[in-house]
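We just call them A, B, C, D and E in the order they show up, numbering each chain from 1.
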Amino acid sequence: MAKILKGRAKKLGLPPGSLVYAGDKPDRKLKVTILEFDEQECREREVSSFAECLMLDNPQTVTWLNVDGLQHLEDLKNLGECLNLHPLLMEDILSTDQRPKLDEWPNHLYLTLRMLFYNETSDHLDTEQLNLIIGSNYVITLHESDADLFDTIRSRIKSGQTRIRKSGADYLAYTILDLIVDNYFVILERFGETIEDLEEELVTRPVPGTLADLHKLKRDMIILRKSVWPLREVISKLERRESPLIKESTGIYLKDVYDHIIQVIDTIESFRDMLSGMLDIYLSSVSNKLNEIMKVLTIIATIFIPLTFVAGVYGMNFKYMPELQWHYGYYMSLALMALIAGIMLLFFKKKKWLGRK
Amino acid sequence: MAKILKGRAKKLGLPPGSLVYAGDKPDRKLKVTILEFDEQECREREVSSFAECLMLDNPQTVTWLNVDGLQHLEDLKNLGECLNLHPLLMEDILSTDQRPKLDEWPNHLYLTLRMLFYNETSDHLDTEQLNLIIGSNYVITLHESDADLFDTIRSRIKSGQTRIRKSGADYLAYTILDLIVDNYFVILERFGETIEDLEEELVTRPVPGTLADLHKLKRDMIILRKSVWPLREVISKLERRESPLIKESTGIYLKDVYDHIIQVIDTIESFRDMLSGMLDIYLSSVSNKLNEIMKVLTIIATIFIPLTFVAGVYGMNFKYMPELQWHYGYYMSLALMALIAGIMLLFFKKKKWLGRK
Amino acid sequence: MAKILKGRAKKLGLPPGSLVYAGDKPDRKLKVTILEFDEQECREREVSSFAECLMLDNPQTVTWLNVDGLQHLEDLKNLGECLNLHPLLMEDILSTDQRPKLDEWPNHLYLTLRMLFYNETSDHLDTEQLNLIIGSNYVITLHESDADLFDTIRSRIKSGQTRIRKSGADYLAYTILDLIVDNYFVILERFGETIEDLEEELVTRPVPGTLADLHKLKRDMIILRKSVWPLREVISKLERRESPLIKESTGIYLKDVYDHIIQVIDTIESFRDMLSGMLDIYLSSVSNKLNEIMKVLTIIATIFIPLTFVAGVYGMNFKYMPELQWHYGYYMSLALMALIAGIMLLFFKKKKWLGRK
Amino acid sequence: MAKILKGRAKKLGLPPGSLVYAGDKPDRKLKVTILEFDEQECREREVSSFAECLMLDNPQTVTWLNVDGLQHLEDLKNLGECLNLHPLLMEDILSTDQRPKLDEWPNHLYLTLRMLFYNETSDHLDTEQLNLIIGSNYVITLHESDADLFDTIRSRIKSGQTRIRKSGADYLAYTILDLIVDNYFVILERFGETIEDLEEELVTRPVPGTLADLHKLKRDMIILRKSVWPLREVISKLERRESPLIKESTGIYLKDVYDHIIQVIDTIESFRDMLSGMLDIYLSSVSNKLNEIMKVLTIIATIFIPLTFVAGVYGMNFKYMPELQWHYGYYMSLALMALIAGIMLLFFKKKKWLGRK
Amino acid sequence: MAKILKGRAKKLGLPPGSLVYAGDKPDRKLKVTILEFDEQECREREVSSFAECLMLDNPQTVTWLNVDGLQHLEDLKNLGECLNLHPLLMEDILSTDQRPKLDEWPNHLYLTLRMLFYNETSDHLDTEQLNLIIGSNYVITLHESDADLFDTIRSRIKSGQTRIRKSGADYLAYTILDLIVDNYFVILERFGETIEDLEEELVTRPVPGTLADLHKLKRDMIILRKSVWPLREVISKLERRESPLIKESTGIYLKDVYDHIIQVIDTIESFRDMLSGMLDIYLSSVSNKLNEIMKVLTIIATIFIPLTFVAGVYGMNFKYMPELQWHYGYYMSLALMALIAGIMLLFFKKKKWLGRK
């Protein structure tokens, strides 16, 4: 399950800006991909150290630096120093359980948000932090593990005459944000289907396992909400920002992302409402089942208990029991029992306890 | 049931403005109706292509272009180009699960809202997206299926000397909005009647099916609320707008629509409160029924179990059981049983378990 | 029960300002009372047509025009025309299920609010819409049925040297508002007493009927809240209004009405909280009752079932059962039963199931 | 129990400013205490009429006029006239169920708040309205019954060189407010202890009476909240007020009172949260008890019912039942019963129904 | 358990600024540590009286005065006088149950917040008030008991060339705040683990003790929230403050603390949501258990009750019962019983009551 807090305890008492890796994927190798492009050209490289960071200064091209794996503190420190990143920002990058936020630094914007994955093997929702640094002519993305998600953007850039190649770093950043938010819809559609299946199941044949599923969904909704809700404010700030790093032409695209986030939040709230309603249905169907069980018990017991009593009476061994000597006594006793059973059945019929509920 | 998200997954990774039809009515034919009118004249035509779009430029007349069926991407693309619509706007038109919103573009306003239908055959609430583009002298409405709703407006226009004929495109847009919001009231009145019937049923004879009905109503309320709530802000923005596209004289009409939406929202909230209360009543009536069942069982069992025991005692086969030899032993045992039953009945009477509750 | 929406469906597709009577009291006769007064004089008349409406122009006197019965569309149309009322305002007057609101028109203020009645015969809360038009020297009140409530104001005006006679139309409007809000308190005190009675009943002897009463009260609270909550904003706007129609000296009186409305809302919220608490109490007392029933059943059954088993054993017909031949076998079996019963009773005593709970 | 509304119905239809006593302590005598002091002197008197009210004009001294008992309408009217109090203000003083508010009049501030008492004899919370009028050099307190609370302030004033003697009327008003708010803490500490006792009781030995206690506490919290919540805004307005009646040096003291009220509100909310949690615990412990009862019944019944059946079979009177003739038939039947009982016990052990839960 | 209010009752009626110790640790000795440092030097001393307080005036060095133990009113009074602290501020220091707040005084800022501890021996959350006074070149911390927490800061200061040594009093104050907020994360991680363990336990084997644990966690969340929520506003005010006491360079560090507090609050809310969900699961699992118990009882009882009746019938002692004489009567009766049992089992199978649920 997605942990809500990760490794914060390790940092207690350290000075601010101390670099401590707080995640739980300690063995990943560092993988750095650099994609430089302008309207004419597009070059992709993988590098092994951050010595060459200075080339980000070329104002003609847009550079996208993508860092996979955040365990290599020394490399990150180098990166931070050559880009002049504040120690607090570096600390934020390594705190992999942050809520989405936007910090404005003199030469760049720092944005953190959560990518969502549905982990098929363990069948639960996972989140991962994406750190995004937007400079005048570069975008840096830092995250813990492979983000295959970005491959579609990379191929769009390489494929040529798209808008991205003609626009600046801010539009590249928008493209990344848009992809991540679109991915939220994919996750939500999946949840929507699960919820509808569960709803169907609830009405037709509720089983105790349903409750555990409901609980898992509710918990996933808590994590989803926690991941998405603050992003609304982040994008809103970005859109309204007079920062020279965001061009006005990119503003309407960010507005579109903002609309999408609002719809994501709206949908999460609707799902939460539905899940609450489904819990009520489940609990009530459990009550109905108990009622039905009790009804069966009561009908059987209340019919046979008096009959058994009558049989018990005539099973007594008193010396003088006139009925026992009667020739038709046995049949009369059976008739008596039938009469009692009949009265009971009539009573239940009046109470509407018989037949299909 | 109205799906909350539709086909968003298809668009993952596509560049912004990619035209993908996200709805679920793939086979509809495109049907385009053009209604041009001024105070003197009114002409209606159906067209088969968007080549003639330029005639919207005639500033003397108001043109209402109504498009049924959104699957014909090529035609829509032509329309978008000749009207100079932004690719993001075109994308919004095809995303048929959007929340109501208002976007202001340089030459027109784009407004999306949800039309509500009560689907009688499948007995549930359906919603459909209406896209509305308001220009200086034209209104374009785009939606997935036939909107018979609009026929009343069309005939009002054709019938002659009404206010619409004398007013501009903004008043026509108001008329459409007003019709859709008035239709919400029709849907709500229908729900109000269903809720009152259900309430009546709950108090007199609750059945398990009631719960499923309650759940369906609650779910419909979630969808209703999601469809109407954001519209409030949309109309409020429209009413306060200094946009030259909305004339001041239309403002008081929009204020009236706004008041209606507030009342719709108010009514939805009241219905939600009522439905919550009804769920409590239902659950409690289930509990009461269980209590009644248990009472019957307990009364029968606790009266007869001791009697059966007495009968069992005198059914034992011990050689020396003096009572068995007594001449009136049998009658005395019956009297003992009657006494026990009597005491039990008195006890239940004291507990007030007997009689009509 | 007070309907939440009335006859909205009838208006679907009609042009704005169409006059359709939406209420449910179709047979009332129109009754128009005109009360003209200044500091010296006071004249009351009943009229049968609206031809003489022009006399409202006399700036020296204050005129109160009270209209009972809103089914007479022709008369209302005449009134609207001679007072120059906007068609949308006329439509609002006839939509008898509106939420309270204040509209400012060039020459008058239009205010709609809800009068509350406790209908003794059907034992439920009823609401009726009061339409109030405040002009420079006249007040018009329009409603569906007799408002006997206004008689007290009328007699205060006629009785002479009161503040109303010396003040203008705005003070008369305040007097009407104040009366209606004071009437809310009367309704609330009545509810307060009902709630306290019910609370008393709940603790001492809960009956299933209690739940229906609770539900009725909760529903009435929903209607009350819906009727009063928006009025807060209406009066607040009125009080802060720079409209020349409201004199500053009337402001402090309106502030007083505002304080009263806040207290009404506060009280409704407290009642809602109390009713929620009472529902919990009721449900819990039902559970307790079930527990008690089950305890009785369990005690009786678990004592006698083993005893009956012992009797059953010695009622078996095996040829060789030594105990049956013993001289004191019978008494020993009775002693065994007494022992079993005793152990059971001790067990129940330890569990604290016996005695007063 | 503290009534939420008192005697509002009596005032229906009366003109604004009509003096009607709305409280429920009709027999109290009027008691007026005047305390005049400056830095040098301090004089206390009791007066029997309001003829001498004019002496409040002495600008050198601070006068505290305390009025016990609000039934003497004639006296209050005199007081109101000589102090030039507005009829609406006089009406507010007599409406003893008001929510806290602050009204600014030209020459004085009118403040109403609620004093809380824990009535030991009837064991519930009581509230009483305190009316406070702050003038340039006088403070008037009006309330229904003896406020012994004020004795500590009076003795602090008389005792000499305290801050109150040196400061003006505003500081005296602060002192009164501070005392009342401090008294809230006393009430809250008392509730805190009751809640902790109840919590202890809930976990160790829940009894049905617990529920009634919980309900009483919840109800008291509703009243407390209603009494304190609006006071926050009142004090905040008073603190920020530029009114010349409140000196700047008194501001920081009022800020302190404000902080206390925030803490009172915070504490009430925490208590409410705790009480909700306790209700859940109680309801759940009732369910657990039912489960335990049912478990006992089920264990006893399911063990003995099959055994009794076996005994019943061998108690049948068929002529030809071979087992009955067997020499060890009886012992074999007992062994069979023991076997059945053993299997049942193993089943229950597997289900973990035996032993300490 | 952490008390919510402490000793407020003692102060009722005392003048403002009266020094009364409201805590519950009466026996602690006073321990005062003074740490003076600048970039070159760092001196630590313990002092026994506050006579030497004047040395705080040295503008070249930063002085951190740490006071353990707040019972020594005379010493505190001396401290307050030599630092010119307002009596209300002194009173706040001794009110050890305050909600976090920030007061701005002419020469210093007063800040109170809550330190959280997890008391391992009594296994519950404890809070303690930290009072923080920030002057131009000094920071004073006052609290009731040893704060070992501060040792890490002290050793960082002593260890030499860290940022703290080069920065002013405001940065020292930030360091203290940061440490306390980081400690919140440690507490929250601990709660996170407890919640996950409990969740695991709930799903696999719910025991009644689980409920008590849930309740304890919910209660701790109430206290946590009460302690942290107001701190958000405090730090936000501090960060935005134009107070010359907070340098701009410290602002970005305070922003970082603010982000952390937001995350703490977010996490508390998520935990609260999860705990609610878990309570639902628990209650529902209790219901399921009852259902299972009832099912077992019902199956056993409804199978054997009719069988026992049949046995009872043939155990009757009527003289003329033909079946009894039949040679295979016994076997036929057994066959009849087997038939009845079989029908019952089929019925239960159809109801899906048999087998693994």
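Methods note: a residue touches a chain if its C-beta (ideal position, glycine included) is under 8 Å from a C-beta of that chain, and two chains touch if they have at least 3 such contacts.
Nothing here was measured: the structure is a model prediction, and the numbers come from that model.
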| item | value |
| --- | --- |
| Between chain B and its twin chain C, rotation from the CA superposition, multiple of 5 degrees | 70 |
| Chain A-chain E separation of Cα centroids, rounded to whole Å | 26 |
| Chain A-chain C separation of Cα centroids, rounded to whole Å | 42 |
| Overlap residues in chain E, where contacts from two or more other chains coincide | 283, 287, 290, 294, 297, 301, 305, 308, 312, 315-317, 321 |
| Graph class of chain-chain contacts, one of line, ring, star, complete, other | ring |
| Chain B contact footprint on chain C (complex, rising order) | 1, 3-5, 8-9, 11-13, 15-16, 86, 88, 91-92, 98-99, 101, 103, 207-208, 211-212, 215, 218-219, 222-223, 226, 230, 279, 282-283, 286-287, 289-290, 293-294, 296-297, 300-301, 304-305, 307-308, 311-312, 314-317, 321, 323-330, 333-334, 337 |
| Partner chain E, residues of chain D touching it in the complex | 152-153, 156, 162-164, 175, 178-179, 182-183, 185-186, 188-189, 192, 196, 203, 252-253, 255-256, 259, 262-263, 266-267, 270-271, 273-274, 277-278, 280-281, 283-285, 287-288, 290-291, 294-295, 297-298, 301-302, 305-306, 308-309, 312-313, 315-321, 351, 353, 357 |
